[in-house]
């Protein structure tokens, strides 16, 4: 295993040094760490899940909750409240009677309250009053959740699936490319790459972290795509390393992008990582930028990962 | 084509260097770039449109959605649900019957639920229960959208339509003027001008970017208007350039303003650009500031672009 | 008029130099400037007013709008819609009939929809459906406005009414004091004082601005009150100036406080200004901090402006 | 009492210097200060309480308000409004009559409006219309409050209960440990420790504050836990101090953590303090990080304060 030179002192990355042997960050930028020993029920974590879960799951959950709560109240009305306290019922058998209870519950929870079905006794009225306030609060919660889901800082960057070792000026460079996956404007972007690898210190494998110097590390305005370039020169710890070396040290590259979402003036952060096997040697990106028939610049976000393999000589 | 001297190293602006020959930024600060190859349906982009579209369009869309959804449910009630499951109907012909279905739908969706029309059968009750929860969620969404539309960082700056080459101290300067289009306070303003032009490098026209040094580049509090001044002296790449030179290099000036909206404590960003043909040579702005009869300072935002042409000798 | 020495170069404050002769900033931190020439109707300015107006005015406006809208719809129902399209009416004269229309409108707008009064004809049903969606949107708007009013960055600082020229170390200093008017925590506070005065340049009175150096200009955590101190020493433009000098140059001191509201993690800004006649010479603040019977530190916000006049010799 | 050397100039912390003799900051990061002399009723403080109170208390308060408001309106309907203006009542005695009034109120406030009970007279209709708009506004308020409660920057850090004086490199260090109590990601963390102690200046005990230098004071990403380390070397004011010395000067350590909550892109701040009696001498933390059977890194938040006492010789 080749010794990798220390070129840049690196701030602690937040992963400990004894985390050798696994992927530390998932491709979507979340940490590959499991939390144990925490209390199983925490309201704020439930809220966090409701904000970050998929729309399919969220809508499903809202609908299920609506059905379940109605079912529970229907049971109360059917089994506990004395007969005759729900006025206006029309039924011929007990199933229909339960359904009337169920639909009365639905009409109360949603505060529609048509009124054919209406509470006449005291206990029925009390439970219905409780259900209606519960409905209002639940609905207030959904209002907040919907707003929270949409107003989250929603920078989503589309990163190329592969990083490349490509020719750059007289030498070569580590390159990766990304574009804005949304239509909002991103401004004041900053990029940062951290190179992480194993090193044997006193017979113990520890994890090392070095920041890689970039050719350009900030741009004012992301209009098209941005290709981040780390030139592999004397200042780079990657100098003279081969594909096999990166594999041997279990290399992983962490990418951090910081930007401002112009629509909501929020600072947004995006992360991803490339393991050594996501790096393609001796290739270069094919441009995703063109000009359409009206002479307007275009960016084809579908071609973001398009690259072409070069003849072998460059990497030698 | 005159060679333009490099006075300031400029951060990448985010437009590539091979974008010669078109206006890069529209006057409202959006990029003149078309996105292709992206999935046609993305929820977050729809939300983004709903937040940024005009009020007229937004209100129209809400009303149309209301009518369309009611129509769809009315069709379900009319064609699918068995007759007699909607109690309380009053009609003499099938059109009136459909209208009763339609208005029942409206009363359910808006959760008014007068109750003359009310579901009596099971299938009717189920669909009505679904419609009411849909109505609640739609309304929750509208609540969020209305709040989102209003609470967006709403700095809107009124830029003068023309930039001027005006006399300044012993020489001349590039000037442009803006005022706050809103009544909220803007504080801690920072301005920045980037000069973009064509340059022929190795027979290929590439786009160059240079930051222009400003006389004053930050103010604490925007009370009236602010005239941004770039003195054309030895440190300026504009020195000795004429109107024809700017045209020849297809000059474009990008203006970036950063400020804090004091009402909501949000950082806001505003951008515009001036092409070479928006620059008026040898003119000066007429003041928009006055004092009214009570002795209070006034700013006339309607006069923001008012300028007067000077006799020709100054530019010589 | 004494010549005031230039000690600190000062960033443009945002008030022009030809604004001599009036108070530039009101005590509540708003600019004393009138805007003219702008379009009379701007949605965003209306929203801004609704967010910043007093609670009394806001509640009054909501109630009035409710009454007026109901009245307008009542007129439609009474004068335009054919008789008999509103079912369930109970009345003996036309006033009572109008009132039934009015209350039906109220029940529709608020989506209560009891149902005794209910639309039976087509035109009535259409208008009622429109009114109910209007009610929902109005209510959505109120939800957003209420949240917007409460969630505004709400740092409110209580400034002492007077600034003092007080003894400090071997010399004297300009002092002013403030405390948090709210119970939320303020952290990472920064203070800044700008001294503004008239100066006669080439027979024309212009307004000058200088930043005053502070003894301590930032604190980590505002627990009690903070006394801001500008020592009047060789580095101060106030050195050797008397009360009459300040009056002669029409002195005004602008105070800017920047902080982070810990509850909502928002950056907040607070401003005020002291004219020369708000400055008390040769006095010192009486402490507002004490210890109660349980030994807990206390701050008495009511005593914030308490100061005592000193014998005259200090200022000599 | 040993003289403590001044190693770092420290920014004012915001606690005055004459606050000797009590704990200044509570363990949850709030200041141990009582406010007096402020107006007893302030809307914004009520809102602040409603946002920060516990969920149990909040829900209880909502329910109580609902009951109380209904009770008040029931009283109006029962005692003030003439008999017969509330249509559809079913009762046999005055208690039942009052209950019908109460439930009509509940049905109006929640805008359910079944309609069996409905206002027929003018005065009843007016009060009901007022109650329904009140209900809508109250509900709008609850929507905002629920959203406000959930969307508050919710970094909650779990600090170890004890700080340790532990062996570090060749010497020893003050150490404390924390982890994220939430599942959201925290990025760009900065830590800062301020050491506060009594010092006798001219026979008066004053409170001194010094910032302690940290081994690492910022990390990019908090995945597991972070152990903050202040090495006790020549640059540390703690050098040569013993447990008794810290007690004698009534030492307190303030910890400030600044981070960015990645889910909402908000900057969050967390504070705590350790008094001299929360510091355990000559101990070291037991690791809370492990690897589960699938080879995934785990963090056991329950073990955060786990430490082991070392043999005595290290501290000598």
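First chain written, first letter: the chains are A, B, C and D, and each begins at residue 1.
The working rule: a residue touches a chain if its C-beta (ideal position, glycine included) is under 8 Å from a C-beta of that chain, and two chains touch if they have at least 3 such contacts.
On a predicted model such as this, the values are computed, not experimentally measured, just so you know.
Although chain A and chain D share one sequence, what matters here is the overlap of their interface residues, and that overlap falls short of half of the numbers used.
The angle of the rotation carrying chain B onto chain C, fitted on C-alpha atoms and rounded to the nearest 5, is 90°. Separation between the centroids of chain A and chain B, computed from CA atoms only, is 27 Å. Distance from the chain B centre to the chain D centre is 38 Å, each centre being the mean of its Cα atoms. Residue positions of chain D touching 2 or more other chains, listed in rising order: 111-115, 117, 143, 147. The residues of chain A lying in touch with chain D in their complex are 11-16, 18-19, 21-22, 24, 30-38, 42-45, 47-49, 51-52, 87-88, 107-108, 111-115, 117-120, 122, 125, 128-129, 132-133, 135-137, 140-141, 143-144, 147-148, 152-153, 194, 256, 266-269, 271. Residues 55, 62-63, 66, 70, 90, 96, 99, 103, 106-107, 110-117, 139, 142-143, 146-147, 150-151, 154, 156, 181-185, 187, 189, 216, 218-224, 226, 260, 262-265, 289, 292, 295-303 of chain C touch chain D in their complex. Considering their complex, residues 111, 113-115, 143 of chain C touch chain A.
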